[in-house]
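Shared chain: chain A. Partners: chain B in the first complex, chain C in the second.
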Partner chain A sequence: MVTKEAVSKWLDAMTDIYLENQKYLTELDSAIGDGDHGNNMARGFKKVREKLPELQEKDIGGLLKGVGMTLMSTVGGASGPLYGTFYMRAGGAVDGKEELDLADVVALFDAGLGGVVSRGRAELGDKTMIDALTPAVEALKAAQEAGQSVEEALQAAAAAAEQGMKDTAPLQARKGRASYLGERSIGHQDPGSTSTYFMMKTASENLT
Partner chain B sequence: MIGIVIVSHSPKVAEGVRELASQMAQGRVKIVAAGGVDDDTIGTNAERIHGALIEADSEDGVLVLLDLGSAVMSTQMAIELLPEDQQKKIVISEAPLVEGAVIAAVEASIGHDMEKVNAAAEAASTMRKLM
Partner chain C sequence: MKKLINAVDDVVKEQLEGMEMAHGDMLAVNYEPFFVYRKDAPVSGKVAVISGGGSGHEPMHGGFVGMGMLDAACPGAVFTSPTPDQMYEAAKKVNSGAGVLNLVKNYTGDVLNFETAAELAHGDGIPVQNILIDDDASVKDSLYTAGRRGVGTTVIAEKIVGGAAEDGYDLDKLADLARKVNMYGRSMGIALSGASVPGADKPLFELSDEEFEFGIGIHGEPGRVRQAMKSADEITEMMVAAILDDEAYTRTVREWDREKGEWEEKELTDEPFASGQDVILFVNSMGGTPVSELYAVYRKAAMILKDRGFNVVRNLVGPYITSLEMQGASITIVRADEEILKYWDAPVKTPGLRWGG
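Right after this comes the complex of A and B.
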């Protein structure tokens, strides 16, 4: 079972990874966007870290919804409402829970993905965070059907997100600022899919 | 009388447009600015917009005028945080921000309903400046 402490560790590890990769995400975004993704994610998660002691007093659902509320009011770019919606919906899927089994973990990420899709109205192949998140959720579901452990399922999800992220490079952007560049967006890895991969990577390392 | 919310990535743009539109409406319309992530950071903030929607709330509804990009998603998120009966009274306008806000303020100040105010504001996108 995944405990609330593990969820807090995940959020803490995510803050670290976004701070460590602030420059990298900004470089990716400077190539095809408005160059603020690294700073935006770092600002949002610094605030999450600040609020974590207070948010931890709630159950896992409330904790994740609190993360969503924090991100939607601090991130600023399109990733604010997108990640904000992700965590609000993810929290809604595990309302009242103090620990999670694999079915809860699948429900959490699946609801988050649904939120991002309805908020951003992007489709698979549009060169967005959906391209990393969709294969990750599919991998979670496949692992659940195969009777694997939470750990195995999240490892498969992180690997799928990494592949999905890499596969955004040859795509032409159809959403956000990058879509204004048309064919010039081809050849660059999408920054949103990269921050999503970091989310899945830290999940696989901490939600055990 | 409808209320108006101005959403921009820049707190200064939102406040400036609010000031301009308020002058045209001679203080008769509730116009609230919701710009920036905070007062020093460019971006949009769904919580800030949510607060502005509550402040501008009226029985006749609230019209939102916005700039671009994440302003739309942040506003949609802010609306979803409101109770359902209040959500239905909020309209996001396709109008250009500055011209749309000025026209909307004038139309609202003479007591026109949401549909009329928004139609007039949206018509600003084809308004000629050089005759």
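Right after this comes the complex of A and C.
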């Protein structure tokens, strides 16, 4: 079972990974977007870290919803409402829980994905965070059906997200500012799919 | 890059403090979170009009807060959309009970943040609607891109919608008018130089002394083409032709269904311009181009419109929707009818636009 402490560790590790990769995400975004993704994610998760002691007093659902609200009001750009919605919906799927089994973990990420899709109206292949998140959720579901453990499922999900992220490079962007580049967006890895991969990577390392 | 700033992190805050000190008779500022609001808000019985977006386009939007235009404006960081808590808190502050109309420029960040804010306001029982402004004729295609960006028509729409709100339009009627103004308006912008955001060590893009970019966005979004520099008349001809010869444009927008409490997708198609129409001609500076050059652009644009059988019945010339210190200009042409002219002429008293009354 995944405890609330593990969820807190995940959020803490995510803050670290976004701070460590602030420049990298900004470089990816400068190539095809407006060059603020690294700064925006770092600003948002620094605020999450600041609020974590207070948020931890709630159940896992409340904790994740608190993360969503925090990101929504600090990140800005398109990633603010997208990640904000992800964590708010993810929290809604595990309301009242103090620990999570694999079914809960699947429900959490599936609800988050649903939130991102309905907020952003992006489809698979548009060169967005959906391209990393969708295969990750599919991998979680497949692992669940195969009767695997939470650890195995999240490792498969992180690997799927990484592949999805890499596969955005040859795609032409159809959403966001990058879409105005048309064919010139081809050859660049999508920054949003990269920050999503970091989310899944830290989940696989901490939600155990 | 040399800029008149104290600290990069204080740019927006100090700008708002200065505005409040300079224009305290018209507006006030809320600092946590940031929004500028009409000093006398909420105005009893009136639908409140809110807009917002990244900073760096001044006087839009904060400079258009006041009688006859916006009830509130929500500034984000420079060239970054504001967050939903800003629009939500602003809505609560300026709503008189008659509801809130959000005028949203079509940038992914602005759209997503305003949609979230509308859901929050709806949850509080505030009648709300979001109308998209997407008039940048530089973008041809809406299927494989984020669609046309919101540019010059935003200023015209804020004036007209603000005037009609003052006259007692209800929320649905006001939304219809906002949608119409957007569908009647189209713009084209050009850049002669790039701009740099505070703290950045280089401009967003660079242009040599020998070239200009045609179809630029207000945050340096890439245009249609980069060409060898030409005369004012030649560049103006290209811009006006791109607007007048623009074909019908179709896109899907999301508007809020207050009954169901969910987003409703609507397909909207603008008709092309047609000879014989009355129009408002708006020539705008991107920030770095002087007003003297704008009049050279206006002169040629007005001549072309006359030659092609249009009647320029109103105009606006000056820096109203800027892009920091970018050298460049945009032309916006809005088809005018009786309703549009009535509210264009209605009194307005804001730091950025003031007439009548």
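The definition used in the following text is that the second predicted complex is superposed on the first by the 208 of 208 C-alpha atoms of A that agree within 3 Å, B and C clash if a C-alpha of one lies under 4 Å from a C-alpha of the other, contacts with A are read in each partner's own complex, and residues count from 1 in each chain.
Everything that follows uses one rule, which is that contacts are C-beta pairs under 8 Å (C-beta built on N, C-alpha and C of every residue); 3 or more make two chains touch, one makes a residue touch a chain.
Given the structure is predicted, the values throughout are model-derived calculations rather than measurements.
Enquirer: After the chain A overlay, clash or fit between chain B and chain C?
Expert: clash
Enquirer: Thinking of the overlay built on chain A, is A:188 touched by chain B (first), by chain C (second), by both, or by neither?
Expert: Touch partners of A:188: none, neither chain B nor chain C.
Enquirer: After lining up the shared chain so the two structures overlap, which partner does A:177 touch, if you call chain B first and chain C second: first, second, both or neither?
Expert: So A:177 meets both chain B and chain C here.
Enquirer: Mind working out whether A:75 is in touch with chain B, chain C, both or neither, as first, second, both or neither?
Expert: Once the two structures are laid over each other on A, A:75 reaches both partners.
Enquirer: Which one hits more chain A residues, chain B or chain C?
Expert: Residues of chain A touched, chain B against chain C: more for C.
Enquirer: One more residue to check, A:89. First (chain B), second (chain C), both or neither?
Expert: neither
Enquirer: Using the touch definition from the top, say if A:97 reaches chain B (first), chain C (second), both or neither.
Expert: The answer is neither, since A:97 touches no partner chain.
Enquirer: Taking the stated contact definition, name every residue in chain A that is touched by chain B in one complex and by chain C in the other, in rising order.
Expert: Looking at chain A, the two contact sets intersect at 36, 40, 72-78, 80-82, 84-85, 119-120, 176-177.
Enquirer: How about chain C: which of its residues touch chain A in the complex?
Expert: Interface residues on chain C, with respect to chain A: 33, 76-77, 79-85, 107-109, 112-113, 115-116, 139, 144-146, 204, 217, 219, 221-222.
Enquirer: Could you list, by residue number, the parts of chain A that touch chain C in their complex?
Expert: 34, 36, 40, 72-78, 80-82, 84-85, 119-120, 172, 174-177, 179-182, 184
Enquirer: Under the stated contact criterion, what part of chain B meets chain A in this complex?
Expert: It is residues 37, 41-48, 69-70, 73-74, 76-77 of chain B that touch chain A.
Enquirer: For the complex, give me every residue of chain A touching chain B.
Expert: Contacts found on chain A: 36, 40, 43, 69, 72-78, 80-82, 84-85, 119-120, 176-177.
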